Amino acid sequence: MAIRLGQNRYGKSRVRLLRATRHDGWNEIKELTLAISFEGDFETVHTKGDNSKVLPTDTIKNTVYALARKHPMKSAEDFAMNLIGHFFSKNEYVSRVRVDAVEDLWTRILVDGKPHPSAFVRAGEEKRTALLDGTRDGVAIRAGIMNLIAMKTADSAFEGFMRDAYTTLKEDRDRIMATSIRARWLYDGMAIAFDSTWEGVKSALLEAFAGHKSESLQHTLYAMGEAVLAKFGQIREIHLSLPNKHYNLLNLSPFGMENPAEVFLPTDEPHGLIEGTVQRD
Amino acid sequence: MAIRLGQNRYGKSRVRLLRATRHDGWNEIKELTLAISFEGDFETVHTKGDNSKVLPTDTIKNTVYALARKHPMKSAEDFAMNLIGHFFSKNEYVSRVRVDAVEDLWTRILVDGKPHPSAFVRAGEEKRTALLDGTRDGVAIRAGIMNLIAMKTADSAFEGFMRDAYTTLKEDRDRIMATSIRARWLYDGMAIAFDSTWEGVKSALLEAFAGHKSESLQHTLYAMGEAVLAKFGQIREIHLSLPNKHYNLLNLSPFGMENPAEVFLPTDEPHGLIEGTVQRD
Amino acid sequence: MAIRLGQNRYGKSRVRLLRATRHDGWNEIKELTLAISFEGDFETVHTKGDNSKVLPTDTIKNTVYALARKHPMKSAEDFAMNLIGHFFSKNEYVSRVRVDAVEDLWTRILVDGKPHPSAFVRAGEEKRTALLDGTRDGVAIRAGIMNLIAMKTADSAFEGFMRDAYTTLKEDRDRIMATSIRARWLYDGMAIAFDSTWEGVKSALLEAFAGHKSESLQHTLYAMGEAVLAKFGQIREIHLSLPNKHYNLLNLSPFGMENPAEVFLPTDEPHGLIEGTVQRD
Amino acid sequence: MAIRLGQNRYGKSRVRLLRATRHDGWNEIKELTLAISFEGDFETVHTKGDNSKVLPTDTIKNTVYALARKHPMKSAEDFAMNLIGHFFSKNEYVSRVRVDAVEDLWTRILVDGKPHPSAFVRAGEEKRTALLDGTRDGVAIRAGIMNLIAMKTADSAFEGFMRDAYTTLKEDRDRIMATSIRARWLYDGMAIAFDSTWEGVKSALLEAFAGHKSESLQHTLYAMGEAVLAKFGQIREIHLSLPNKHYNLLNLSPFGMENPAEVFLPTDEPHGLIEGTVQRD
C-alpha cells in the first residue's frame, strides 16, 4: 500500500502590522495580525524537496508590508481582498489563498472631553476578525468578533432538562449567565459596508443577549443569531461559539448564612461550550 | 553553621468572587480576584510540622465569601480593609496581612442607547488593582491600574542619547510611542473616595500621556506621575512601570518604496522597560 | 426567506481529572483534561427553549468522574471509548459524541537513581492527545502529540525557491530548523496497543526530524509522516502541523564582526506554518 | 510640597538569543531570554528630557549579541558577568546593572538510542534561571529554577490546624500534594561550578520533596531548603515559592460510590501559596 501526500497548505502566521494615516495632524491607525496560507500544487515540494514552486513565507510577509504601503487601509476585509488578488495574479500554482485577520481595536484618548488627534487607548478586550477564503472562482468573506465578554444577572433560567443517575444539577429560574462571545458571519457578496455592519452586528448580538428571556444558553445563541440575520440582509449565516462561563452560587450555609443570589464563584474550569450556526433557508 | 528559616509567608491566591447587588430590578456587580497572605510566628510550622498556629488557606478563602455576604461591597479597598480587620482580630500569631485585589471591569450593555439594568459587557482590557498591606500598626493602601494600553503617533522623539560601539539606533523626532501602563499609587490615610479617585487618576494618566511633548519614555513617565500628584493631594507617591512596546518603521526600500511613517512592525520581543516612582518630597 | 438552525453541538470543556491507582505502595497516576461534545436532535432547545432532550453539561462532567471510578484507566483512548458507549446507551437524541483528551505527562522522581513509588515530576512540555469521534456506526480514534519542541542545527537548507519583486530572503544551505510538532494520526480499528504505539510514533517523529537531509520544512514534514506510516501498519494517515520557529542569523557586521552561524535571534512573530496529511493510498 | 523622582530603572526585556557552538559536527546550543536593567544618575532624563546619559535600550540589546559572539557561552551566569563588566566599564552614570536570565533547556534527540550530534528536543517544562545583581562593589549571583512541576501521592498530611467559624476543611492524613517549584538561591562568591551545582540542586529539591513525611507544604518547603543547604556549602540561602496546586478528592457519594483516594479534581483556582527563605545563620 503506497504512501502519498494528502491535503496540505503552507503560509505565514502572526504577521503584525500597524498602518498609520496622517491628515494634517489628525491621525488614524489600524493594527492587524494576519495569518496567510496557500493551497495548490505543492506535492513535489514535500516528496522531492523541489522548491521551484514555493514562494517563501518570508515573501508572503514582505508582500503584506508592501501592499499596506500601496493601498489605503479601509478595513481588514478590503486589505485581504488586495492580498488575495495579488497572490493569485503572481502564483499560478496556488489554488486557494486564505487570509485570517485579527484586529486590535483602538479608540481616541479623551482630553478635556474631546478626542485627541494622535493619541489612542485600547478600545476593549474584544477583537474584530476577518477570514477571507479565496479560490480562482471567488472569495468567501467572513467577518467576526471574539473575546466579547458579557454577563446577565436576570432573565436566565435552566429547567426541565433530562436527568440520569449522574445528574445533581438543580433547576434554576434565576441564574447568572456569562459568556465570551465568538461569532463569525458569512457575507453575501463583497459590496458590504464592512465597518458599519460590524458595529451593527456587535450591537445586535449584545442587545439580543441582554434582552432575551433565556431558557438555556442554546436558546440565547439562537436568539442572537436570529437577531443578526433579521437585521442584516447581506449576512447569509452566522456561527456562534459561546462558552458557558459558570458563576456558581456559593453555599454559605456552613457559616449559618443564606445567599440570596449575591455571592458567586466565577470559574473557567470546567465550562460548558455551546456552538451553532443560524442560517437562511 | 546552623540553618534556619528566614522571611516567609503563606496564603491563598486566585480567590475569585462576583458580588451582585439587587435593587428592584437594577443590578450591580463587582468581580474580584484576590491573593491574601499572612506573615507571623510560623517557624515551627516549617521546622517541626506543628500546624497549631496555621489557619488553613481554605479558611482564608471561605472568609472571603462569608465577608462578601456580610458587607456591602463598595470597593475592593473597603472590602480588603474588612478582611484585614477580621484576620487580625482572630489570629494572634499573624503580624502582617496583605490583600492584593484585581478587578475585572464591567459596564452596562446599551439597548436602544440606554444602559440595561441587568446585562453587562467587559469594560476594557485594563484591570483595576488594590494592594493593602496591613500590620498591627496600620494599613498602607495602594490603588492601581494595569494593562492600560496606549499609543501616540505624534509628539514623541528620542534624540541626543549616548552612543557606543554597539549603537546603531537612529535619532528620531517623530516616532510612535506605545506602552501598557501599570501604575500603583499610595494613599495618604484611608478616608479616600476610592472609585472617583481611581477614575480621576486613570484620566490624568491618559491625558498626560496624550498631551506630553515626549523626549523619551522616561520623560513621559515623569510627566504622568507629576500630573497625578499635582491633581490628587491625597496621593503620596506613584510608581509607574512602562514597557516600551516598539512599533518599528519598516524599511520598504528593497521594494523601491519610501515609508513616510505609515507602515510599522509592532513587536513585543524585545521591549524596553522603564520603571520609576514619582513622589512628594 | 426563513431563518433556521444549522449545524450545532454542545458539551463540557476543561473537565480535569487525576486518576490514581494504588498497588501496595506503588502508585500510578494519569492526568487528563477532557472536552466532550454532543450532536443530535436539539433544534427545539434552540428555537423553543425546550430542554427536555438536554442532558446538562454538569451531568456530562459528573459522568466523567463516575466512570473514572468504575473503570481502571489504562489509556485516554480506552476511557473515551467507555464514555462514548455510556452516552450513546443513555441518550437517544444524541447522534455524535466527540471526546477530546489532553494528557499531562508525568514521570517518577529518581531518588538515588531509583524511580520513587509515589512521587512524580512533569515529564516534558509536550502533551499526549486523543480525539475520539463516535457515531452510532462506529468510532474513529485519533491519537496525537502537541507542543513537542525540536531543533536541528545541521542538515537543513532552503534554496531554489520562487522569487518575485518582494523576495529578499537569501538562499541558505545551512540554517537552523526549529518547530513545535503537533501531530494527529488515525488508527485502523480499535485493537491498538495505545501506549506503546504512542511512544513509538513519538520516537519515529523525532528520529525522522533528526536524520532528514532537509530541503524545506515541507520536505521534512513528509519524511516524518512517511516514517510513521512505514513503521506502524495500523495507522491510516497522519496530519502534521509544524510552525517554522525562525532562528535568524544575526547580522553583526555593524559591530565589525562576522557571525559564522553562532549567534541567532529566536522569534515567534511571524512564523511560517506548514500543515499536511500523509496517508495510505 | 515639591514633587521629585524616586527610585527608577530602565533597560531591555525579552532579549532572546540562541548561541550555537560547533565542533566538527558535534553541535552545542544554549537558548536564553534576558532582561537587563540599569540604575544610576538618570534624574534629568526624567525631569528635563535630557538624554545625554542614556545608553539606548536598543544598544543594550546589541551588546548582548556582540558579547555572545565574542565569548564562548559556558553558562548564563558567566555570560551575565561579562555583560555587567562591560556595562560598568563603559557607562559611568550607571550604579547598578541587573541581568535576569531564563534558559530554555534542550536535550539531544536519541536516534537508535544514541544522542544525535545536531538535533535537539526540549528537555522539560522547567526553566533554569540566573539573576545577577551588580553594583560597583560586587555582584550577587542567584541561580534558580522555575516551573518544575511535582506531585506526591503518599506521605502528605495536613492535620491539627487552627479552626474558626469559617473552617470547613477536613483533616487529612493522606492527601495528594502537588506544586510548581520556583527556587532561587544565592551563591557565596563567584567561583562556582554553575552547571553541575544547578543539576545537583534540582535533584536535591526533587529528592527532598519525594522523600519527606510531610505535615504541610510549609514543612516540606523547609525540608527542601535544608536539604539544599546541607549539601551545597557554597549556597548561602535559598528562597522557595510553592503554590499548593490542589487535587481535591471528588465526592462520588451522590452516585452511590465510595472514592478511596482514586479520582481527584485538579484545580489551579484558588491555590495556596507558600513562600519562604531557608538560610545559614
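The first chain written gets the first letter, and so on, giving A, B, C and D; residue counts start at 1 in each chain.
Operating definition for what follows: contacts are C-beta pairs under 8 Å (C-beta built on N, C-alpha and C of every residue); 3 or more make two chains touch, one makes a residue touch a chain.
Treat the numbers as computed from the prediction; the structure is a model and nothing was measured.
Enquirer: Among the remaining chains, which ones contact both subunit B and subunit C?
Expert: Common contact partners of subunit B and subunit C, which must touch each of the two, are A, D.
Enquirer: On a CA-centroid basis, which chain has its centre farthest from subunit D's?
Expert: A
Enquirer: Centroid of subunit B to centroid of subunit D, CA atoms only: how many Å?
Expert: 24
Enquirer: CA centre of subunit A versus CA centre of subunit D: separation in Å?
Expert: One centre to the other, that is 37 Å.
Enquirer: Calculate how many whole Å lie between the centre of subunit C and the centre of subunit D, each centre taken as the average of the chain's C-alpha atoms.
Expert: For subunit C versus subunit D, the centre distance works out to 28 Å.
Enquirer: Show the residues in subunit A shared as contacts by 2 or more other chains, in ascending order.
Expert: 16, 62, 66, 165-166, 168, 254-255, 267-269
Enquirer: Which positions of subunit C touch subunit A when the two form their complex?
Expert: Residue positions touching the partner: 1-16, 35, 37, 42, 45-59, 61-63, 66, 90-91, 158-169, 214-216, 218-219, 221-222, 225-226, 229-230, 237, 243-244, 268-281.
Enquirer: Tell me, which parts of subunit A touch subunit D in their complex?
Expert: Checking each residue of subunit A against subunit D gives 165-166, 168, 254-255, 267-269.
Enquirer: List the residues on subunit C that touch subunit D in their complex, please.
Expert: Answer in residue numbers: 16-22, 25, 27, 29, 31, 62, 65-66, 68-70, 106, 109-112, 116-126, 148-155, 176, 203, 206-207, 209-211, 247, 250, 252, 254-255, 257, 259, 261-267.
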